[in-house]
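These are the structures in question, set out in turn.
In the two complexes that follow, subunit A is the common piece, with subunit B as its partner first and subunit C second.
== the complex of A and B ==
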């Protein structure tokens, strides 16, 4: 296997940068681990440590209602000797970031974003190679902050990226297992099953040999996906001493939102303000809203399943129950694969400036609310709204750009002309 | 359906026949298809907007499109920016007017200021005089003798005293001392809340706070006799006004740095309010000077200030002054001056009294300082403190009702954040607008245009015919082409310049006092040459393209605008002052004429030189020098104060200066440097 020297340099630099930050500023990881923008109740590293403590002392980690993460993470972190826990976990998270970047590089190099089975972008010459896309992920300040804050959502992100990478590589079974792992860890990646199956199907179709029927393909892969989840759950069942208790305190928390710690998303404030009698109804509405995008996007963007996944990632980073900036980082890391549609996007500068504004004002307002006591919850919530607005502008703008790209294949004479949607 | 019952209303509807007739007369059906013409080929995904096929609006749509690219629109942003700055500045000067400022009022009903009868006086006068002699007797002695004396006095009043040694090191200086304090446990409370009464042994000007200390000791003895306290009262004598209160406040909240600052042997509950008594006079005083600025421009709740003011002026008849405005005639000019002094103090963010150290811990605190030569005696001041404490004692929860962000222009007039924030935001937004304008311009191709007349005569610029829904417009082609932007270099440079700010930040926080004036002179001189040096360095290999220059300025201004907007929510005055000082940065770089597509290196040499001079005059070191000259203080002292603030108080004014203002200034100067 030929190693790309440039890639090694970039990845090495990213690893060194993280190491330096971990070593030179020992208080930084702790500070970031406590930030609500990075650590949510279902991904927080502090809560993981709490669960780990209970687990190693032979108490059920779900006692006490603090730990809401998947049980399989516990033996993984339990393997790390307590004497060198901090440095080794930092190494683990650096490795995790590099693996994610590698998966991204594979996705970018597969060219799936520019040329699918059913669609060839007229702009496919314009692209970034895998190393650049990987570096864009590794040097994104959001990624770095998330890596230092060590939320467990990075495991989900890595698994999800591997699922996509394997799907692009035509290794459908592996993709399903990886997606199973991601869904097992964080539940919401299960939404990506339909587009990922389409992606696998297209990849299989490309190879040409014995194309299966759509239905049987979808069915077998769904079974593989469910099977892998079942395996993980069974393992967890055995690990936690033969009790299914963990289901309610992990997935139950994902679904029912009992913990209303502030985060960058939109749910917490709504559910704080809501009367209890409406809670179930609106939980249903919110989840339905999130799930509703899957079908629509899969139908409309049938020809570009990878873009369906990208857009869904963006939507999840906005509308998920407990989003954090690591989800945003994941979405923004997949966008560079669509380098060719950048010239068609219209509001990049404004949207990115909005995100920058929000990322400065968010901590400032949180400070005013929590520490200085001179602000209140509305300050912070207003900024998370702006943050979500900026993200949704990017999502819709990139969607527009891809549709426009498709449209120009159908109507080449309209190239470079202004259009408006009605 | 809830409206089913209203079916009988159908009789009110006009008959079908009439509707048909109207429809026919107005030719509605004939118009409809034109109204929205669905594009058949794309299955209705994209439609094309209204084409009222009348002769009324030929090309209106297309020309609207072109308007976005009109050079006149592109020329507008600098004027808009300038307008915003002027509006921001003007609105600030309008604030002292009656229409914009408001009378202060007590928002928290529980406080009931001045509603109690005060009993401090009579024989307490003798005790006060005795304590004052005791204080004067140990003045100037060793710290442990003073502490022993204070402890003895506390013990004699039946209070248990505790001590805390502390030491801070900054700029090669050592600040040491010992705090002595005592806790009066509330007869009716459960020790979950406490209010603090402080006197510093030496006040902010370094004078012996003789009457203040004696008064606080007398009050401690006096308060002990009352059974109505529902909150613990902590009486604290610190050995100076800056380091001592900070060490005590840090240790009270377990945030102190061990072992330089000792932990507190006794503690009480959450602090609800702090009143500092400062009376260094040896005679009767005229008015009370209330000091309220906290570290980093944070302010105590306005209710606390209002309570003290209401009690002093309303109940006791002592006039109240603020911001060292000893004479206040309630004229526009004096109001403005008070407000501006308050803004400068807030903008500097330094400790203005012992109370300042408590405000970052979200403990509301003020200093009452006796000033002037009048007929008010110490007992009156004591009654003020007593009444204020009775009000604080009434508090049911922490101060939260009134304002935390305000500008005071007189003891009973203020403006709240909603009124004054826009002016800082407008100044910050001007940078963002320029950043957007520069971004848009950087996307234009650099083909020469109408402005260059010679070329125009030779050949017409390439025109593009825009046809849209039967409307036609002609536009020069280059105005429609968006060129790819090379972002990497400008972003790297701007980010690097902001990180470069760490260097002066480190130097000025860690150098020793003896080296300060020399370091500062060297830095100021190097800073003058820095832009030219950087410009030469950048154009050494290959000169930057016009686009890169535009983007460099664009990102720098974008960041500056963002930082200032954020800062305005935390420390309005600092954001506003820096915004004004950095305002010329919006207007450096390319001249905004129609010839702007040309290579800017060719023209505007004079303009560049002029801009360079302006920027040099407004560079951070130059501004600092000028400010020191104006207020007649030594640069060295300012730097020592800042370094102490950095280590002890957690002051971040210098971070704002070196990591926000200075980088923006550097990039701006590089952009307008003739060498680039």
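== the complex of A and C ==
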């Protein structure tokens, strides 16, 4: 009961904080919704409003170059009456944040990060409970800023966290449906299918002695995943008046990058400066680079699928086509589940300082380029490089810590000693 | 004998009737707008009967244009070249009620006959490329991103058969960035029967025309079927309108550089407080200046066009809209005809003599020009290169009648408007008024394929101003999509306003609509650093390689204790390097 009250207290405080920010600073949500770090062409709230306006006025929103978001969001937001649109959407996004925090708390409480079917961390006593992990997500300034800016990537985040939570709770089918929803909303969660299947498998047969074949399990769950995506696509087909043009407008944008609006990622400036004849080649290379991590991580970290998902989330936050701080917030929200390996990380201060540096200078250099006209695009581009470097240091450092933790199971005498890799 | 004579006469009559269908008229209207400005409207009209056009017997309609129209299956063509700005508040209504005006740059709209949209677009591209070669203008750049199909704004000016209306497609293209200059004027003059060598077209000179405050060249080709049942014919109308600054045009041709007027000759407004010191507020020119055709246009009119052609009847080709009290001296044996309205006089030119017209300085009242039906001005709002807004002010000067008009805008694809932010309100009220925009046709833009098409039916109450605003986002383009002067910005085409005849009036009688165009806008987009393609590729690739390398190393390598392997022992390495350096030093000192 004590824990529950603590959780309710923390979550309530977070909700109140967001409500206060929405109400006391009425221009703040609009300001944040316009920042490039928060909204991207595929998640922007203003574009969602435009798509909704066109949809309610019988013009196909996918016949234009503005709206690139999933069709199922349109009737969802269409239900909200236009008279009270702003307050009701704020309440909706606060609810989304609370649901994501609840899913995180469930993931942390399930203990999958410290002890899986095939692995038991020697440091598993050092951990934070679910309420703390949820609070760390809710009070993260990146999360608060994303909630106020209201990008639709928060729906993807919630679906992803829900999928992981259901997988830890051994409800594999719901996990597949949730992952299908996340992949339907933004294309990149499809990369998490292999580790999520392994997580479902490990969680399901954690206590059992007889372990069926992984392959048949994987096959059935992949079919469930594909089936759920097919259902969502069919619903969208019917919603948009029986046409498939939304596919090229939503998923085609992820793959072909027609909109080069600046964001915190690496793709936009690269493809601005790219000559046309090499464009398709480098698009393929970038997607291959992102997809290449899945196999290696799954094979090497077979015993800790939750960490594979966490690392992949971090890598996607750096290398996906239109990243934003909501993706970073999602990655940083799963890291506290690995409190037990924090002592093994070597470059925490350096990485956090880099992130702080980039997050302070980023808006300043963007202002210099776009508004003051006294800087040029290279300033902001350099900050995106620094931000990506900082995040990749965190990703690789946490990966090192987990691998070292794993190695110390077989070599417990090396605890606290210097180690090298050959 | 008599029967042969009658036969011969009837033959001549028949021949003259057929040739009477091919007809040519030209007209010049000179009208002082203010004491300092002169509006010159040149109008050249050629007719050809439908059978002779189809059989390619080109007489007054030039073969070059006629064959292009036939090859591109174009039934009606309207082409405009414009520069400058029409100051509606000082100058009043536009000439020809705006029907012969185009937006800044080049504007082209045509009714093309085709079975399907794709074939119509293919014909349109053929038409653009052919016209671009004929007029030395970059019309070939009118591609799918600059072409729209307006639904409500343009009506066919010609009479098309009802059966063919279903296969006619209207396509509209605009190039606001195009600079109009002498290389466009020369082919324009070559289309005329007299090719700029006789008649009023001798006055058209590139130096004076493109020095004007506002000038438009237009070409309209349309089929006309007269009401009284005689057969249809093709009419081609070429017009040049220009507003000349008399003072600037009188500057001699061999001394075109403006030199500062000596201090004593400055006309200063003495009523200003700083008039005694170094400041000088220029005095409005109130009295009519003296000017003559040679001074303003650089040359007199040389003869009359087609004067020696037997079938051509001499008509009044030069009209001057000044009051009868104004003294006008002419030379060259022209016949003057003062009109009954008291405000204009027309001259029939002699066939071969030079026609010179001279107006000495005299202060008479200038003729009040009609007020334009609506005043429109459009501008950008906001700052920065991320987003902005467009604001259009539409004023109805009439105190009794509301006015309804079509407002047509075509925006480039990299300017992404948010239609949910489109509001129309009266300038005196802060909340939007839903009754101002009666209906709307909107076609969103597709990146790199087509632009935005917005058509609104707007109604402005009497004596009020409507403010139309919407937000838009600026896109950032690819490296190769920027023009060489990327920081100049991109031109946004002017908005076209077509004033509908007031409801209740007979639509047949007042079928000619008023047109109005706002100015074009200059949109500045964020630019990348153009010197950086290689650097960006290697820097981004470095970051990706660093991340991949770190993760790959961690996954592939195995852990060992630091003391368990021989590695880079720093002290041993240092001593080794030191030994090598000492050996090298010894060798060098030994050599010396």
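To be clear about the criterion, the second predicted complex is superposed on the first by the 414 of 422 C-alpha atoms of A that agree within 3 Å, B and C clash if a C-alpha of one lies under 4 Å from a C-alpha of the other, contacts with A are read in each partner's own complex, and residues count from 1 in each chain.
Keep in mind that, in the parts below, contacts are C-beta pairs under 8 Å (C-beta built on N, C-alpha and C of every residue); 3 or more make two chains touch, one makes a residue touch a chain.
On a predicted model such as this, the values are computed, not experimentally measured, just so you know.
In the superposition on chain A, A:371 makes contact with both subunit B and subunit C.
Once chain A of one complex is fitted onto chain A of the other, the partner contacts of A:396 are limited to subunit C, with no touch recorded for subunit B. In the superposition on chain A, A:361 contacts subunit B only, with no contact to subunit C.
Of the two partner chains, subunit C is the only one touched by A:275; subunit B is not. In the superposed model, A:259 makes contact with subunit C only, not with subunit B. With both structures placed on the common chain, the touch criterion links A:407 to subunit B and to subunit C. For subunit A, the partner touching the most residues, choosing from subunit B and subunit C, is C. When the shared chain is aligned, subunit C comes close enough to touch A:315, but subunit B does not. Of the two partner chains, neither subunit B nor subunit C is touched by A:243.
Residues 371, 373, 403, 407, 411, 417-422 of subunit A are contacted both by subunit B in one complex and by subunit C in the other. Those residues of subunit B lying in contact with subunit A across their complex are 36, 41-42, 45-49, 65, 298, 362, 398, 400, 404-405, 432, 435-436, 439, 466, 468, 480, 482, 484, 558-559, 562-563, 565-566, 569-570. For subunit A in complex with subunit C, the residues that touch the partner chain are 34, 36, 46, 49-50, 52-54, 59, 61, 63-66, 258-262, 266, 268-276, 289, 292-293, 296-297, 300, 311, 315, 318-319, 369-371, 373, 376-378, 381, 385, 388-389, 392-393, 395-396, 399-400, 403-404, 407, 411, 414, 417-422. Considering their complex, residues 343, 349-350, 353, 356-357, 360-361, 364-365, 367-368, 371-374, 403, 407, 410-411, 416-422 of subunit A touch subunit B.
For subunit C in complex with subunit A, the residues that touch the partner chain are 383-387, 413, 416, 418-420, 442-448, 473, 475-480, 526-529, 532-533, 536-537, 539-540, 543-544, 546-548, 550-555, 557-563, 565, 567.
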